[in-house]
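Okay, so chain A shows up in both of these, paired with chain B first and chain C after.
This part shows the complex of A and B:
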């Protein structure tokens, strides 16, 4: 009989470890999102150009997801409702007339949500970004290293206690171990 | 750890960056006209400055853009960083 592969989440086995985190820190693996890497010339205008965050280290929410600034001519578009192929095709149609490109990178990263009053201290232990809500609040993002792995860090909310981390799937286990280990001091 | 100021992302840890050698080496105008010796000079020969040195750096863990920096090779102090195509002020 043919065996079919079950789709599984890289952090499925960490659910109990996340549930046992000390009070003041909550880590949750978020459901898969479709992600497309969009490259466009810096001077692109029009509806697509206007929708993109232009400021370095910014992100904006859209009708079904968000757009993250990755570089002066590069953005990561995330969608919760459109499938990977659909999102890529939609963006490619928009990018093509502007000499841009859109490539599906949904399998590259997974999303983690870190919340709680100790969340900022926890993350500060692994990266040099100033995470204080006066500079890193809702709408700010940073590509940096957390622990030893590269992440895209997004700030949500205005109080500095709500973050989303996009991490490469193959490094997700490492990051989960790191977060659980770093959280022990808040026990 | 030393922080390097990426012209796009702002101050970041040094480990996020990648060194790219001496900056502002112009590609020969007529590469086909070069002798082997002058081609070798273009490809391999670099200054070994003691003091202020213009270099290329890449923010490889961040925005992955190349930029230029002026660094004091005696003290490893970054004096300034600027985008590709800009001139050091």
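This part shows the complex of A and C:
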């Protein structure tokens, strides 16, 4: 059955505030992404096992999204093309024989893209990890704290000026306020 | 250098790194003055001949400026404009146009207006952090940068160079050229962070340093823009290089606290940095070679200088070159001072000197400069427990041993400090010999402490308050230790010194708070429907960090009226609640049933797929920690619902058991709290609403029974419905991916409109559940309440071999019939709403509370007005309560005793007839 219900984004009311940010910092709420929390034994093999990033604090691109390392036996799988239920079902089929698990968490977090020449400085105002591009470059991720909320932070690009932030949906408004307020410095 | 006084002020031409082409205006104690960009308030005041700033806190003695930077023990001021701030050092506040400044009488005044400035922080990670941009620090920073390291160089003064005056030669060039060229080199490295006006105030384990940057105070208001006023830098460094220099040490004598008495090098600093000559007739009291630089420079700038040299004529003084225009009196001491007769404000007028032959005489002066030697500024080394050892040549403690990751260089390590005669004080009347000039603490106070039997410098510090002022004893700490050792007749090496603790300089709470104030003080968690609630006029309450709609008052309604209306609507028609904040945990894996059997008191493995069961969780002590429903989604999959407040705690609790005690269980947990929006649709008309919205689902009781769930869809979106009731009414919980929360909510409202569907909030939810005797964990329980106490013995399995808390139920105390049990209370006057928390006492026939001690029987845990009952009611924990149903007890409310009948906790629909509609 075709989907006729409208989705609502937790940050739709922040669109204008994001659009009005000063030069050198850009924040955009990303479109709805399907996400599944995947748990598999560390030694699992097969095509999926090979696709998973194994290095702590890493993420990789996939054909339709990305996979983020969350722990030795835990990953967050994101897909831009498969629906939430479809993604969970696909992964649950793979997880069950390996005594793992797959849980649809699509609405659990939202994704923000923070970019610009001030991006690293702005984030370093509320994030204690080392964001220098020599340390935190494309392909690295961290579960950390930004301001007073937990986030999954992904480094994109090589210059330390492009980040994706996954934040729990209920904290998204707080984080948006925090980001807009932090950008005051560059006005 | 030739020099000339400017306009009768203390400013001399040819000196100072000020922009004299511009004039800044300010007032001090109501009098207008001028200064120049580059001035501090202290230098501008001294340039204008203002020597007395205020008076001391205890004795009311005059106080002036005694140093040119943060080691100043006396020069405190109150800033009134641009923003009121108390207890700042005139020497450390840069002058800006329009400042309004007052002197202090020992105490300042906090602002009475909100501080609108921004404060923030930055985190940094570097290979090498260098603290101090004097010659040693500059060299260390450049060397690290050249090795390709990530470097931070921070320095507390407005410009780099440390104690360099500009008159020295370094590497064959002028010292200012040296500084400029190092800074230019450093600027070429992209990974070098160089910050001036930034004070490292704390050094902690593993290379963690906190520093405060003063970013805008020195700028005219128009130039500050949107920059934060102050910034706390949180720096993690592989290596910390402490290059913080040294503090000059005064010498103690009688009446050594007068305005005009100053550290010698500070006078030199005032001259070279600000072009201020602090006195025309200068006496310099010293015991080491280093002070002669000051004598020479001040003489060259036009002062008449008398050096009172404590060391006798002889080999010790051979290194001292003659200074044109200066007189040196060897083997002499300043023993006291006299006030200036003309000004009558306590400022210095003359030094009383005793020479080598024992002759006493006056030397008139308008500045008395002191230099008893130098104390390495080892605070940041000491903060990380770096051991200090006494160096008898220096008369000071300096870093000994090494601390991994920390290096001390330059004067902070004691390098380059010229030796001399160590002298703490000269003989004289102890009660006029000031040790901590800010605290008005004297040698007599130390003597009293020692006389009282105090044997530790730490105790002496606390007894005398020496070293507890704004400067934390930067200049007084060492001499206090020295004098204490003398008075105790013990070697100072044995006595040691007081511990340096952060912060090195005072730091405003506003800076530490940063941007975590106002809206950003604590995150407000919001459900997907938050905007709808706002538009619907909801009054919110905080539940943990969540904002939950408490009730939706209509115009003219207070909370009581709104809640009574909402309750009545639910019990007679249909209501709808946003229950999305409930904690939700996905439990998956072949051992999921086994895990839940262990976590809950009741059996979860026997729950059928498609069904729901209420469950209670206890701690190892058998006390209830959480409750909620458990939904069996598949043979190997459950969804566990926790309380809103318990969500994170219960997930952690379960993870801890899985990871530490039962790692063999093949089961995985995941939080799905925010994945699912949850809307209970509640009331006798709920079936009609649900039936209309989900037309393809048979919602009859026969097809969709109580405590079961069904999957369906709406507009192509999967929806899960569950027959769960927290009110006793027929109810359907609608669960949907939170993306669609608003769309589904609006569909339900639309379908419910003809039944007058009423959105209700948490307050109404609380009343409805209390009417049914359903406890709220954390409100009706307090960590000492068992399931049996709550009347939920039925939820404690007798079949399961083990579960968390089981063992405790066999304890004798758990069997005690007088344990407090959950009961209902009905005030017999049918009108009093008992305050929650009220104590319960035995009924007093005369209506008078007996004399204390009055035995307490329990307390009221929940209390509301009930629309269904038409009267107020309460839940209470009462000793042996279930055996006492029907009794009447008293509840003291203010001065009255309110009679209340004990009832079952279930007050509405005890037969459970309403849940199936």
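Observations on the structure shown:
The working rule: the second predicted complex is superposed on the first by the 181 of 187 C-alpha atoms of A that agree within 3 Å, B and C clash if a C-alpha of one lies under 4 Å from a C-alpha of the other, contacts with A are read in each partner's own complex, and residues count from 1 in each chain.
Note that contacts are C-beta pairs under 8 Å (C-beta built on N, C-alpha and C of every residue); 3 or more make two chains touch, one makes a residue touch a chain.
Model, not experiment: these values are computed from the prediction.
Look at A:142: by the touch rule set out above, it reaches chain B but stays clear of chain C. Residue by residue along chain A, chain B and chain C are tallied for touches, and C comes out ahead.
Of the two partner chains, neither chain B nor chain C is touched by A:16. Once the two complexes are overlaid on the shared chain, A:128 sits against chain B and chain C alike. Shared contact residues of chain A with chain B and chain C: 127-129.
The touching residues of chain B, when paired with chain A in their complex, are 1, 3, 8-13, 15-16, 61-65. Across the complex, chain C is touched by residues 1-10, 13, 32, 37, 39, 84-85, 96, 99-109, 121, 124-130, 132, 135, 147-149, 168-171, 173-175, 177-178, 181-182, 184-187 of chain A. Against chain B, the residues of chain A that register as touching in their complex are 56-57, 70-72, 74, 127-129, 142-145, 150. Within the complex, the chain C residues that touch chain A are 118, 120-125, 150, 191, 225-228, 234, 236, 515-516, 519-520, 522-528, 530-531, 546, 581, 586, 588-590, 636, 666, 668, 670-677, 713-718, 737-744.
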